[in-house]
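By letter and in written order, the chains are A, B, C and D; residue numbering begins at 1 in each of them.
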Amino acid sequence: MDVHADKVMTLAEAIRTYVKDGSHISIGGFTINRNPMAAVYETIRQGIKNLHVYAHSNGTGVDELIGGGCVGAIEIAYGGNGRAAPTCIRFKQAIQKGTVVHEDYSNYQMSLRFHAGAMGLPFLPTRSSLGTDIINKWGLSKEIREKDPKLANRKLVVMDNPFDGWADCKKVVLVPAINPDVTVLHVQKADRQGTSRILGLTFADVDQAKAAKNVIVTCEELVDAADLRSEPEYNQIPFIHVSAVVHVPYGAYPSSCYRYYDYDPAQLSDFAKAAKDDGTFKAYLDKFVYGVKDHQGLLDRIGKDRLEKIKADPRTGYATGLDRK
Amino acid sequence: MDVHADKVMTLAEAIRTYVKDGSHISIGGFTINRNPMAAVYETIRQGIKNLHVYAHSNGTGVDELIGGGCVGAIEIAYGGNGRAAPTCIRFKQAIQKGTVVHEDYSNYQMSLRFHAGAMGLPFLPTRSSLGTDIINKWGLSKEIREKDPKLANRKLVVMDNPFDGWADCKKVVLVPAINPDVTVLHVQKADRQGTSRILGLTFADVDQAKAAKNVIVTCEELVDAADLRSEPEYNQIPFIHVSAVVHVPYGAYPSSCYRYYDYDPAQLSDFAKAAKDDGTFKAYLDKFVYGVKDHQGLLDRIGKDRLEKIKADPRTGYATGLDRK
Amino acid sequence: MDYTLRELMAIIAAREINNGDIVFCGTGISMVAAMAAKHMNAPESIIFFETGAIDSALEEIPMAVADPRVMYCAASNGGLLESFATMQNRITGERVIGILGAAQIDKFGNLNSTSIGDYIRPKTRFSGSGGACDVASFVPRCVIFMQHEKRKFPKTVDYLTSPGYLDGPGAREREGLMPGGPTAVVTNLALMRFDETTKEMYLANYYPGITPRKILDNMEFTVDISKATEAAPPTASELKVLREVVDPQRIIL
Amino acid sequence: MDYTLRELMAIIAAREINNGDIVFCGTGISMVAAMAAKHMNAPESIIFFETGAIDSALEEIPMAVADPRVMYCAASNGGLLESFATMQNRITGERVIGILGAAQIDKFGNLNSTSIGDYIRPKTRFSGSGGACDVASFVPRCVIFMQHEKRKFPKTVDYLTSPGYLDGPGAREREGLMPGGPTAVVTNLALMRFDETTKEMYLANYYPGITPRKILDNMEFTVDISKATEAAPPTASELKVLREVVDPQRIIL
């Protein structure tokens, strides 16, 4: 790959090229913030199946992927979405019905697993979860693990501190690196080669990108490289890690995008209501995903007034005073 | 400690309070960039002895500390200073004469050791140095290590990958965490509580700060908290990690401070010349360290014209076209 | 003085926060409690979120820990690695108090927020740990919000998501965890604490109008009620803080 | 065509860089070689520095890898952790070529940049690894700058700072290192390479006017000279790049 190449393409093309049935995938953002929703909807629209998803707390996007029937297995820390959904509803049902293979970690452990992947290490240590069922209960059996070359042979390993109590530590938990086939992120600004700038909290996005074999970046603004290079310290992801760049305004909707727009409380709770029942959820998908050509189609159904309501206040970076009841 | 407290004090007071004979210390910056030189000179001026120094490549500052007789032991990756000194001269002499105990790591290993300290972990793994003398040759004997509670009991540990070849990795090297008594940094902007913003490359400064029991921040500009909090994503060090804040314009001189001033090639080579011989080096220290009250005194001896010459060009962040022969 | 149960719970929890504490908080009532403490007993406490925001201004109450409202006027906006390192790192971690919730808690303060029934094919699935297991593993003090019901105070939790005192005195140390564990359980009926020696939960304060008997009736295991006294109701100024400063829009309360 | 030895060495090294390579370079002549390649054979190569700057514009030549000149117009300015991760991570690391220098090199391309004599009390102390050991451990290809003198090409190095092929075929794998190792040694007399099978250094090209004999006279160990041919001298356009674009101030050359 010529990493200097212009990587701009349509979202449909990016998903078709890099997200396949059975791909191991991670998405950026956290609960109701900066999920790559346009890419999530396009993935559902293309009918991609049996994804293996790695998630810390990517509530909005992951619940839609599960509801859209795209997910076969998930390694996850948190299947909730803040006040919008204490437990994500399609996630809850899929696990209770046994339609999605699942394995639980903590948020820090998932973050460390992406960090290890980005660093090119097989594992990283932590002092979290000793003595808990996160250690004892595995969702992916040793057999499944040994069959699939994309999976580590163990969920984790508990080890004595070889530096005999150094840092007042007797034991650590080693968690295995994640190197997804593809990571999909939504960022505020990117250039045509893929150099990306995230504003506000970065969550685990940067490690998720650097750990992945391919990275799809969707962005609010597609800018000249020179604009980003005038302050290189604020570009967390250099182009060498990126495979595809897609310009998608409101690409995180209905989750928020700091300094651009807030989350849409109405849409989030409509989703939560629809998700409760297979029939109403199918109607929801028909209206907002299958029934539209692309993300602009979804935005048209939401309408200008509602998008206006969630527009970010330049002072605070969110929609000050937005009705969120 | 009330972390919200106003932590502004004089440099003399900050060094006297947090840097003691025998302290384990690290300084920020890298070779000829953003070394906390004012703090280094004040440390020499106060005659502090027997420091245990942790360094990746802090050439300008570390060589002065060694030359100033402050250093008893050093764990280091690189004792050079770019074209200014392929091998730092006082460092070279101290080790050849056996006046400073030393132990060698790589730059990545020292960075990981600070990262481990900042993360509260006893160690971090790397795939660097397998099969080399960095593994085989220890400068700090097991005996010394077992006597001093501030030292890990081993230089490093080579371990088989417990995830059986996961990430195509058979073995890793575990390097022990560093938690210095104090880390001294020079940053572009800080507020009175210690929240700090570094412009340009951060090197390992942020982990060096978060790993330390106390942090002294010297800054080019002392600003209102509100100025920094309008863009929190650019403040790498929140105030909870900081013990002392000192306003020292040109505090990195003669090393550079991105967007403020360049390094002073003349002063760096004068230092390199003086360092070659004990007599000339004593004269150098008498003139620029012992012979002046504080950093302003040193700057006065350098003179306005030379400081004018190294003033940063707003376009590039350095002194464009500076004579560096 | 008129107040709702949720207001009482928020204030009882807020009183657990000391001035200068670094407060880890999640969403909902725990955030209300942390925000209230800053305007009551702990003006110098620092609220931070697992998402990486430290000392946020919280001009408006966030609906999630990733709500852009946590980013506004923070001292620093980092990421997940930074926030958990702040707790795992003893230098800052020793000063952190965590506020958590759960679906189940046992007498040693172990929490379940993962599932009821078989892990692979659960009867009921919850959100999972999120950062809760990390917080409970790292920090010296935790406040837990619970609903007082038999099934939520079982003899043993179906899935041990976040470590309390595990199986009793010395267990955390034996497993390699840092010292720490839950210090208070704030429920809809009472404030429970843990005995320093036995590490077992006991009834500290029952709410006005609630009898110790009723509290025991809502737990599968029994606890010592001999030290129990009635909880001090919210003061006018505490309620004023909640209603006028913390959550005027009544988003959480 | 008139040229200096340093100019020749810089161009010989520059020719080793392929288009699209991610080039790790240090200070001095290695930076000149990397910058020259971008204007010659590898316009799409990317220069990065261990200090964290990626794809710097390098309007002026830096005097050190932390020179603010490496920060100007970079794609990203990070830190040490990020730059070394770029090499340790196989996804990007496979595309990195390193340019290093050393005080000693043995026939298997192992480098010493630490000390001569006893490690604890050395006869001569050098700078130490810096990032060299990391680069040599991680990346698939390395170019090494050396001065051709007997003491600098010893049978065994006094201190093995940066791994080459260690003690021969299979050794890197046995020790757990990633595949890789030095691919070219650019000296003041010749370009040396390493045999694919034996992993031993051999003479590839001797510079105009230099005999293979003279090269062997300047090494403690002998190498195969049977494949040796004369190196192609710098072209006018290559020299123009060096003199007018890369280092017009003659700071390095």
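Everything below uses one rule, namely that a contact is a pair of C-beta atoms (placed from the backbone, for glycine too) under 8 Å apart; a residue touches a chain by one contact, two chains touch by 3 or more.
Predicted model, so just to flag it, every value in this text is computed and none were measured.
In summary, the chains found to touch both subunit A and subunit D are B.
Between B-C and A-C, more C-beta contact pairs join the chains of A-C.
Rounded to whole angstrom, the centroid-to-centroid distance between subunit B and subunit C, based on C-alpha atoms, equals 40 Å. If each chain is reduced to the centroid of its CA atoms, subunit C and subunit D end up 57 Å from each other. Here the spacing of subunit A and subunit B, counted between their Cα centres, is 37 Å. If each chain is reduced to the centroid of its CA atoms, subunit A and subunit C end up 27 Å from each other.
Within subunit A, contacts with two or more other chains are made by residues 117, 120-121, 126-127, 167, 169, 172, 179, 200-202, 233.
Counting partners per residue, subunit D has 53, 71, 77-78, 81, 88, 90, 138 as the residues that reach two or more other chains.
Taken as a contact graph, the chains fit none of the simple arrangements: neither line, ring, star nor complete graph.
Of all possible chain pairs, those that touch are A-B, A-C, A-D, B-C, B-D. Listing the residues of subunit B that touch subunit C in their complex gives 2-4, 117-121, 179, 193, 195, 210-213, 225-226, 228-230, 232-233, 235-241. The touching residues of subunit B, counted against subunit A in their complex, run 116-117, 120-127, 152-154, 157, 159, 161-164, 166-167, 169, 172, 174, 176-177, 179, 199-202, 233-234. Here subunit A touches subunit C in the complex through residues 29-34, 56-57, 76-84, 86-88, 91-92, 95-96, 98, 104-109, 111-112, 115, 126-134, 136-137, 139, 158, 167-172, 200-207, 256, 258, 262-263, 265, 312, 316-318, 320-321, 324-325, going by the rule given at the top.
Per the touch definition, subunit C reaches subunit B in the complex via residues 20, 22, 44, 46, 53-55, 57, 71, 73-78, 81, 85-93, 138. Contact residues of subunit C toward subunit A in the complex are 27-28, 50-53, 59-60, 63-72, 77-81, 84, 88, 90, 114-115, 119-134, 137-138, 159-163, 166, 171-173, 175-178, 249-252.
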